[in-house]
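Following are the structures in question.
Here come two complexes built around chain A, the first alongside chain B, the second alongside chain C.
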Partner chain A sequence: MKYLLIAPPLAFFFAISLIPLVYTVWLSLTSTNIAGGGGWVGFDNYARLLADTFFRQAYGNTVLFVVIGVAAQYVLGLALALAVHSLTRGQRLVRLAILLPLMIAPLIVGFIWQTLLDSRYGPVNGLLRAVGIDPVAWLTDSSFAFISILIVDAWQWTPFVFLVLYAGLRTLPTEPFEAARVDGASGWRTFADITFPMLIPASIAAILLRAIEAFKLFDIVFYITGGGPGGATGTVSLLGYFTALRSGNMGYGAAMTVVLLLTVIAIALTSLLILQRALSRPDLSGEQAFARRQSRTREVEHG
Partner chain B sequence: MSQVELRSLTKHYGRQPALDNVEVSIRDGEFFVIFGRPGAGKSTTLKVIAGIEDPTDGQVVFGDQPMNGIPPQRRNVAMAFESYALYPHISVAANLEFPLKAPGRSIGIDERQRRISEVAELLEITPLLNRRPSQLSGGQRQRVSLGRALVRSGTGVSVTLLDEPIAHLDARLRHWLRGELRHYQQKADTTTVYASPDYVEAFAVADRLMVLIDGRVRQVGTPLEIQTHPADTDVAGMIGDPKMNLLGLDSSGELARQARQHGAHPAAATVGIWPTDAKLDRTQGGIPGTVYVVEPLGEDAIVRVDVPGGRMQIKTSSSQTYRPGEPINVHPAWERAHYFGGDGARIGGGAL
Partner chain C sequence: MQSRRRRPVWLAAVTAALFVLSACGGTATSQNPSASAAGGRPFEGQTVTVAVGSFMSSGVTMFQDAWEERTGATLEVVEIPFGDLYQRLFASFNTGAGQFDVAVYAANWIPEFALADHILSLEPYYDQKENWDDVLPKTQQIMYVDGERYSVPMDGDVIIGYYRTDALENPEYQQRFEDEYGYALAAPATWAEYRDIAEFFTGWDWAESGRDGYGVLEAQGPRDVGPFIFTSRAAAYAANPEVPGSLFFDPETMDPSVDNPGWVQALEDWIAIKDFGPPEMSTYGGGDMRGNFVAGDYALGIDWADVGIIAQDDGSSIVKGKLGYFVLPGSNEVWNIESGAWDEFDDSQQAPYLGWGGWHGSVAANSDVPDAAFDFLNFIDSTENAFQAVTTPGTARNPYRVEHFEDAQAWEDAPVAYQDPGPYLEAQLDSMDHPNAQFDLRIPRAGQYFDALDQYVQEALAGNLSAEDALAQVADEWDRITDEAGRDQQRQLYRGLYGLDD
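Up next is the complex of A and B:
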């Protein structure tokens, strides 16, 4: 009877998560094509991936998008959260304005930015031209296209980091900050010794969630550059999509997404392990202070 | 160190007045206690002095320097918070060192270490120096918090603010630290403002104290002045351990008759009698009453007696035994009784 009660969510879980996952893993071990042909190939697809320059480029791009993108979004989000938190009035309005990009569907975001960044008719280049700067090939030059994707991703997702960190800031106790003011601490020391350490849990949540999402980066790239020019902005999920559903090479495409999944799992687990160890370690600076004090006392005692 | 003046200081939280026209002058090098019940405005007063809170009205003046608008960083005050307010992610040693490392306070590393060990020794927290605040008990945290304020005494601090700094310690340490704080303050000669709701603590350490009730200053004076001349029934009701007995004098009662007979002020509506200023016996005379309960406290005992006009607490020697329900006669030392008028204000009595 009790199993009957949890059956619906269980069935949902199987249908939505587990079956597709197992199916994808199985697919990756075959040469299935979209017409239904193909057979068991074992790990051949994975061996092929290692040598595939398109895949290697897409994988490299994805890692760069994650590392640079999430780092930039974290720094920006933190700066915004601190700035808004310190406002004495108008917090509500500014908060709302910052959160707006989060409420727009990614494809629409792609459309908006494609329009904004258009080399000939886009308002961004229009502005640049107005201040006497040569127009930039935002979406057609491979380096600029890469930067454009970073900008758009940051525009949409920095608000998320902001939201998590701002909520974290709001829950911090006020007394240590009052004490720091009385103790004459500079703004930087207050941040480094008090605010930032207290925000570590919220930071972990924001960075981890953003990193996992960024590894799957698809929609913005799909709409704005389609992975171009020449694969310069292609990501693993985009390449997997093209391989499996456009070219019909289902098995090979599945192998790409499995590699992506394993990467995300590996990174999430290692970062959690590292953080756990870091947080459980006794405070080093305190220990050093104590050791220094001890040796000083010994010196005094021994003349 | 410097003199601290509060000039018609008023602080509202929304519509709620927390401080109402507080006017007091704290002398240079004085140990000044703000005495009041929880919620009376003690912490608010300290926070306004520190500059953490801005007054709604009025002025804070250090020496001859008005402090309004000057941020806490530049007021050079040391403060121990009631809620400890330790820095959670740095060690106890680093917490103690934190105020010494502020910009503009050029204190060398040797001097910092010396101060930290001295204060740690005083507060018995030396073995805890390498721990984090989360690894400490409440009493240990409070001592670190107190240490963070004391570590700066003698470094040119204008005033040291202590907000119930020993309230959460065990009785032995509280008693011992009370004396040590007083000694430390006199040695360093720092102006100290100390908030406490505890009568014994407040009166034991204070040079002078201010009684705060509902955000208003009701009396300022030395402990002796306040004990011998409590300004009104509210103040009288807060002092003493056990506190002063306040009994209503209704015109026809036995209590009123005896009080008049012993020279009570004709307008007196309330009489105040110290628990030590009354004797109990089983012979005739005095005020008739009934023993309510007996609390033996070693050599002394507190006997609560129901008398016309209220319930008295009387301190007697333990050698006499009384049983609850037993009829008893109370003999107040009338010549030492305090008299208060219908509005509660003191009108006389209380000779030593």
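Up next is the complex of A and C:
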């Protein structure tokens, strides 16, 4: 009977998730073209990917966007979460202000930042000029275009990291902090020994979710640079889209998304492994600090 | 304590699993001629669904009410983002999902859709179409596949040049230019002259606007109209009038022409012209180019006829009444693929390029209401409605009928209120009637060929590859695409475009 009960959601799950996944993998093993035709090619598409300079560049860009972008967003999000958590007044207002970019559609974000970063009319270069700095080719120089995408992505998604970490901070037990205060620990020691270790589960969740999203980076790049100049800001998602849906090379485009999927799976599993190990270590879960505090309390009670 | 430690792991695991799973993530028989003209409401109760590229939709919807009133039918217009139009139409044709009765799309795709039997031959309807003879010959030509017409025209596309008359026709600047370059300043006849003019007008306030002007504005951005603009330049060097059909491929072997010295010269020119435009030019698509050209200080520009129309809008344009027009420049040297050498000509050899081919409408082969579908297409292509559309800003419909070019005064009186339309119409007509005018690549997988061209040309524009290396890579890709599609089939179709016998 219990199997009958879960059958409908399972069927739904298969229909919307597994079938498209299996279809995509099958597609990646064919030369299917949107205009029709194409047949089984085995792993030829994957072999071609290895030699494809555009794919290699897009893959490298994607990994760099994830590594640099998510790291920067984590540091900023953590700093914001700690700062807002320590506020005694106006937390709600500040929280709302920080979360605003998260509520804007990525294409609108792209439009806003394309305007801001325009080298001739954009206010960013206007500010630079006002302080005597030469205008920067934010979107037309390969290096700066890459940095621009990182900045825009951070502007939109740091609030998400902030949200997760801030929620994590609010759920931390108070005992370890009381113990630290009794011990006379400095603010830095409290952060390094208690806050940060106890935030590791929330941190890994935030980083994992952001990394998964960042691997799919598309909208902002699509609008602001279109992957240029010369592929400098292209991502696998963008290239897969253009290959499969603009050029009509469905099989090859599918192979790109499967490689992206495998990469995300590998990273997700690694993150989960790290998380599991972290949670099994008392020193990283706040238990050690809590135990120290109890031990010290006992010592005080026993004279 | 135990449960508190487990929860994040499970949450993360479920999240990851959900991501993993989601990351992938009645044939018509009747072909009766147009009936609405016969009177009454002949299609009462029928619904015609029209799929149209987004920025062209107003050229269709502006006639919706009138047609519905006249026929009793209902029109449903589905706007599809321009970039997704090709794949959405194919998906619909192949799967029947989101079925359309009418598709409004690029003329370049007509052969591909017709050969796959996705669209109807409209020959049975054309017998009674009254204004066919007024369609420009080049536009007529691209509607045929195997001797039958498969579309109704709505637009005529040819890429032309624009210049600012307050720059090129200023006597003081003309004198300075002649002193500096040794010849008279005028609309450029060759790409070398075009470059000189662009250089001359870069970096100083020739428009007296209080800011430095630029010599040129072209759409060089990725994944947009760049390949069309670049091809319009390459045609001058690579479309040899003595060797018809040699612009894209060798029509004998289907070996790509794209890596020959003519194309390389064009790409070197295009890379060099970046110095005379704004930095953002390398990111501009067609829309960006048009909006900026009419609002800024650029001496030269290349585009379809759209800039001319947009320039008439007082709200967004500062160039109304300051535009000159020219047939795209040519070259005195043109590459000959047969001799493998440059042919020298006394006069500049122009090769106006009919890039994109214009918007056309076809009736889907699986439409249940083909008569009503054709009737709607015929209605929006009626002589009166076609003129109204091409003289209304924002429709993306450019002149394509003889009468569109005959009465300049009508353009001044039309909604667009075109200021001095004569030269504008003349440049288009001269381009389309030019004996060496070049059709766009109209064979299956044309999109793939152009995407490959775009990718490598972008690398060259960014300085990552030389022009020669970039185009050599394009040629390799074009060979691969040709082999994948079937070289013999592609060769036959390509030769057919140029009327070459096997």
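Criterion: the second predicted complex is superposed on the first by the 262 of 303 C-alpha atoms of A that agree within 3 Å, B and C clash if a C-alpha of one lies under 4 Å from a C-alpha of the other, contacts with A are read in each partner's own complex, and residues count from 1 in each chain.
Definition applied: contacts are C-beta pairs under 8 Å (C-beta built on N, C-alpha and C of every residue); 3 or more make two chains touch, one makes a residue touch a chain.
Note that the structure is predicted; figures quoted are calculated from it, not measured.
Once the two complexes are overlaid on the shared chain, A:M198 sits against chain B while remaining clear of chain C. By the touch criterion defined above, A:T115 lies against neither chain B nor chain C after alignment on the C-alpha atoms of chain A. Of the two partner chains, chain B is the only one that A:E175 touches; chain C does not reach it. By the touch criterion defined above, A:Q276 reaches chain C but does not reach chain B. After overlaying the two complexes on the shared chain, residue contacts for A:I34 are found with chain C alone; chain B is out of touch. Between chain B and chain C, it is C that contacts the larger number of residues in chain A. By the touch criterion defined above, A:F54 lies against chain C but remains apart from chain B after alignment on the C-alpha atoms of chain A. In the superposition on chain A, A:S86 makes contact with neither chain B nor chain C.
In the superposition on chain A, the residues of chain A contacted by chain B and by chain C overlap at 285. Against chain B, in their complex, chain A makes its touches with residues 173, 175-176, 178-186, 189, 193-194, 197-198, 282-283, 285-287, 289-290, 292-293, 296-297.
Only residues 5, 8-9, 11-13, 15-16, 19-25, 83-84, 86-87, 90-91, 94, 112, 116, 221-224, 278-280, 282-283, 285, 444-445, 447-448, 451-452, 455, 458-464, 484-485 of chain C touch chain A when the two sit together in their complex.
Here chain B touches chain A in the complex through residues 47, 50-52, 71-79, 81, 83-94, 97-99, 101-105, 113, 116-117, 129-132, 148, going by the rule given at the top.
Every residue of chain A that touches chain C in the complex is listed here, in rising order: 13, 17-18, 20-21, 23-25, 31, 33-37, 54, 118-120, 137, 139-140, 142, 201-202, 204-205, 208-209, 212, 216, 225-232, 242, 245-249, 257-258, 260-261, 264-265, 268-269, 271-272, 275-276, 279-280, 285.
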